[in-house]
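Each of the two complexes below includes chain A, the first together with chain B, the second together with chain C.
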Partner chain A sequence: MRLLLAQADASFWAPFLRALVFDAPHNTQTVLCGTMMLGAACGVVGAFLLLRKRSLVADALSHAALPGVCVGFLIATALGFNGRSMVALVPGAAAFGLLGVLAVHLLTRLPRVKEDAAIGIVLSVFFALGVVLLGIIQKLPVATKAGLNHFIFGQAATMSAADATTIGVTASLAIIACALMFKELRLICFDSRFAESLGWSSFLLDGVLLAMITALTVVGLGAVGAILMVALLIIPAAAARFWSDRLTVMILLSAVMGALACHAGTAASAVMGDLPTGPAIVLACGALFIVSMLGAPRRGLVAVAWHRHRLNRTVARQHLLRALYEHAEIMDDDAAIATEVDLSHRRTWSSAQLRRLASRLVRGAEVDRVDEGYRLNDRGRASAARIVRTHRLWEHFLNTQADIAPNHVDRAADDIEHVLSDELIRELEADLRGRGTIEEGVFVPHSAHALTRSPRPASLLT
Partner chain B sequence: MSTTFLTQDVPVLLAAMLASAACGLIGCFLVLRRMSLMGDAISHAVLPGIIAAFLLTKSLGTIPVLIGAAFIGVITAALSELIRRLGRVEPGASMGVVFTVLFALGVIMLARIEHTTAQGVHLDADCVLYGTMENVLWIDPPDSFSKMTDAASWRFFPPQIITLLVVLLLDLVFVIALFKELRITAFDPGLAAAQGISPGLMHYLLMTFVAITTVASFEAVGSILVVAMLIVPGVAAHLLTDRLSVMLWLSVIIGVAASATGYGAAAALDLNAAGMIGVMLGVLLTIIAVFAPRHGWLARRSSAERQTFGTTVSPSFTVGGERGE
Partner chain C sequence: MTITATKPAPRTLGPEHSPLSPLSIDDVTVAYHRRPVLWDVDYDAPAASLVGVIGPNGAGKSTLIKAVLGLVPLASGRIEIFGHAAKQQRRRIGYVPQRESVDWDFPVSALEVVLMGRYGRIGWFKRIGRAHREAALSALAQVGLADLAGRQISQLSGGQQQRVFLARALAQEADLYLMDEPFAGVDAATERTIVDILRRLRREGKTCLVVHHDIQSVREYFDHVLLLNMRIVAAGPTDSTFTAENLKKTYGGRLTFMDQAGAALAQSVGSGAT
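This part shows the complex of A and B:
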């Protein structure tokens, strides 16, 4: 059994690894180069498309290209050329792709037609037209018609060296164009109004972007197919967005991920005969997306959850320290012991929560546990004083400058005091001193509202 | 009565009309909620759901397929929402990620099935895309009106049509029973929430029905044309009226009319019927977009001209007298 597994493994992994390092049959190498170039270019252009919030225009475009392919084929055949050649199909697909984009634009100018509906209409109606034309072609008595429907699902395995060259040249041109117009494209992505004030027409630049997408879609149709072409334009860009807030980094990552996904997908499908290339590439893209969404350092879900957890802990700690400090203030005794009941009246803590928080502070040697409650020690009092000071400065600020009534500031202050920077606190203090709101020479200012032992109304107490 | 009329024309036409009626009904709400592309996404994403149902039950029984589709429809909607909210990804892109990956998964599963099952299952990528309208056949129909009442002649009545009929009825019950809730959540989700109607629940219910309707129509018209049937009639109807109930009726009528004329044209010219229906929907939409009484291109152009030359002032501009002074 184990031997069998090892054999099965070897039969998959060895050729897969060989395909990954380009040590594969010549045909596979051609396909690898072609799809990787396509993936990289789609990653670059897709990044701009994502930032322009127009990802799904690619969907409309790739479907709209289908009738174009058919029309190109029909015209070339009628003129007596080989209808399957790229020379015939590319102009047709490009013309219909742009027609589709134009139709989306015109439809959205109608009242009540939103962009999503316009995209849906264009992609389905154009595709329907393509299906009708495909039906006509299928009835034609010409030999070259076979394989036209590969433009829907793609057939990367049959990519010829000439096809790979076409893809490579188109992809390189698109990347170079993006590099040359980087500044302008960045402007319309982030601030199209500003771009227009500088004299750049966002309509024109959008047009350039769409023309590049059309070109890539048209040459990519044969490799990954109309439906999955859209994945290459959207997924690597969306995945790269998790990793960086810098456009250049994001674009580079997007290109690398596009190429990587194409690489892995093509290699896997070269090894497993019944694994179609286009869908394999899309699955590889999906895997990259999941990894990025979960694991990216700052925007990834794990990082965000961890950060939130840390923040919650910090906030809870600060609340408890302040509660202990203010309790001592009310009792007018630094060594006052706060019982669990005293503390739970100050916040909506359950007793289990309170015990957990307190024991964390006890472990941190900031609070002493005394038989019937808790007491701040010297270290704890120093940190609590800083926290209370920040809270009260912010309260005073809200009270005097933001017109929030004294009995409301406590909660309002709560939201933001935990994230104030030291510099801001110093500024706040200087400002409030200048206005005479707080006294000179006191580290912890007085509270903006009256402190009572149980801030909750008596009726709520049992 | 020619023999092909009952065996072929009637079933196909009936299937197309039922599919477009069901899609038109549900599609209105997608259009109003600005979620038209959810129809596109779900119609692609249901593919793995159908195949999973097939693998589990070893048959293409209607009920398992519909359940699988409904399940995956809700998954698609939920995943898109999850990625949009948690990953702060733009809504269009999050949908694009989900449906392309699910569709790719479906295509791969299909390829494996074709590879492993020797007996030809009539489930391949082409039939998902284009539909298999020509398979909707009524073998051995009654050859005279007197036999119409004979149960034996209904034995081979195409099951696809029965499925579509049931789904259309389900959609009707859904829309009629929850009309108020659907309307409020479509136009004002905030108000709906304030009145105790959960917009989230309505969202996922709607997605379930979109998925069921899509799959039932799939077999007849294919995945892309389902998108046309979902979106185009709703948009066209919305250009004609301001009332939701009227919009729903108009949407169904437009869908059925496109199915009838599209099928007629395809039969006359010997073209692909499903494709022609989609093209016909596009033609109808174009006509309505140009000639619609208030929101059409012509009407708006003439009202813009009137305003430019000041011969008539539309009432909305004189109310309160803020303008024109």
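This part shows the complex of A and C:
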């Protein structure tokens, strides 16, 4: 690492790299630690917020906090204190933030205002008030006013070590509170009505969640900014949801991603002095989200597309094997050769589709290509027998237990046969005993409907 | 149970109510935004019984259950459970909410949901002990889902999800169960499981109030019915109360021909058997 840094020393990236590995001035290190703790805490609390489906309330809160910062500054300055200290700004921000949430709550109770509209109204009006107040403050002859508009976009670089410590302590407390109340918060997020039926107050638990969000928002406002604070609460949690179905794992990942994003954003802003921290952090969050959305196993888009592709291939293979098997049944000849015309009568395949599919089966040594068509070989016959058997068991199941007319069964069976359970298969088999043939060691029932070589009637294709 | 040791509540119920009844609803009115949804509901649930709560959409069936649980404020009236205010008797109530009331994509496993039924006993801030875990596992086994304990709830079928909710209520080890449409949209196997469990609960002396939609199975499943349409139309033993006439009063013109035919059929079968 040292070597890498030494080599990079002369380059543009050197200070950035230094900041990334904490090889930076003491103050920067403290600020980095503080914002990372903030990111981790926002990741944890944000996960609960996301699952409670109250994300946008946090947006209203952070926007509404901006005029609070200005009012706090004005009051402290008027009283002769340092208006930029957190002691002055935090109470003002918290009071206005909560006022914003209360306003949303009250507006929602009006008959014609829904929650999304209420949030939109509160968020914009409070924020506009904040910007106007900032404009007024800029006209005042007060030295400490400089940098107050960093509260819009956030600027961690100018933060003092004391501020960073405040952030770190608040964030740690929030994480500890979440750990202590994990069970309670999970219940309120999943089923608040059931929580109330136990006598647990959802008002109180929601209040705890809101208190944590308020605390994190007001201490983080200077670093991340009023506009983008909500991103730090939502994005890491939403990204983490792609990776796991377990709440503990999701929260852990959310915390790690929040911390990473804050680290990258703060480091970038420390190096490039004018770069606001908030947008840098949010861009890092966005990158993590995109990676999660695409690359997460099972839930990621790539995994989902790959799974669907595999399923389509499996289904297509089964359809062709079954068509070949049934063709042999109709011809009453195991070695019957099915031409493309024969096969296309059995299912709506385009000629190119059919050829591609067949050549895959030829490569898989299940089907032999004979001059004028295709034929199952022994291996393919064994696979086909199993597939046909499952299909017909399903047909039987749907016929006997689901009240569906026989000529509608075929299509439905196509879709469902791939998910038949072993237990059900045994049950259906017992039901059909004596009405089928033993083929390659497995029991293949007769078809429920007559098999014909002619094209399918149009009604079956619907 | 510690709760039974608390001193009896002062008798404020009307004389027709018994303090021993699992559930006494005394002249309860509930209103949402000044529009009443339940009017003067007066009802005593008999002990060790399965009570079907029947009525059209918007009749206040779910509201009645929520009122008993204290989830909606009463405009007037009083509700007592085993002779005490419902608030003091939380541990004796088990609740199965409607399945659609939660997000089934939530990152919890079936076992974790069932464990929520133990939370009332565990209390705030405390860890979930092994005894609670075993109670939850046993509840899952009773509904036939022991093998799926660790599975995330979105990976369960609708019927299995409903059984998870039932298992959570069983884990509450209550004496009075309130179930909001447990039979809605479930498969045949789940329906059998629920019926078996309801009957077992009755044998154990418990009382279940079950909101039910399928009129045709009422006679088979419930020994008592509560016919509700904002007010109580009729209540009592199924044999004498669940009549075509009372049904017509409950549903007004909204009872479809199919339901009527089904009810009539069920009634003739029911009376033929007795």
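Things to note:
By our rule, the second predicted complex is superposed on the first by the 408 of 462 C-alpha atoms of A that agree within 3 Å, B and C clash if a C-alpha of one lies under 4 Å from a C-alpha of the other, contacts with A are read in each partner's own complex, and residues count from 1 in each chain.
Quick note on the criterion: contacts are C-beta pairs under 8 Å (C-beta built on N, C-alpha and C of every residue); 3 or more make two chains touch, one makes a residue touch a chain.
Everything numeric here is computed off the predicted structure, so don't read it as measured data.
Shared-chain residue A:R347: touches no atom of chain B or chain C. In the superposition on chain A, contact is made by A:L56 with chain B only, not with chain C. By the touch criterion stated above, A:K183 is placed in contact with chain C alone, chain B being left untouched.
In the superposed model, A:L301 makes contact with chain B only, not with chain C. Shared-chain residue A:R386: touches no atom of chain B or chain C.
In the superposition on chain A, contact of A:R241 is made with both chain B and chain C. Comparing chain B with chain C, more residues of chain A are touched by B. By the touch criterion defined above, A:H105 reaches neither chain B nor chain C. Residues 53, 241 of chain A touch chain B in one complex and chain C in the other. Of all residues in chain A, those touching chain B in their complex are 50, 53-56, 58-59, 63, 107, 110-114, 116-117, 119-121, 123-125, 127-132, 134-136, 139, 149, 152-153, 227-228, 230-231, 234-235, 237-238, 241-242, 274-276, 278-280, 282-283, 285-286, 289, 293, 299, 301, 304. Interface residues of chain A facing chain C in the complex, by the touch rule stated above, are 51, 53, 180-181, 183-184, 186-187, 189-191, 193-200, 241, 244-247, 250. Interface of chain B with chain A (complex): residues 31, 34-37, 39-40, 44, 83, 86-90, 92-97, 100-101, 103-105, 107-108, 111-112, 114-115, 125-126, 129-130, 222, 224-225, 227-228, 230-232, 234-235, 238-239, 266, 270-272, 274-279, 281-282, 285, 289, 295, 297, 300.
Touching chain A in their complex are the following residues of chain C: 66, 69-71, 87, 90, 93, 95, 97, 101-103, 106-109, 112-113, 116, 119-120, 122, 124-125, 128, 152, 154-155, 168.
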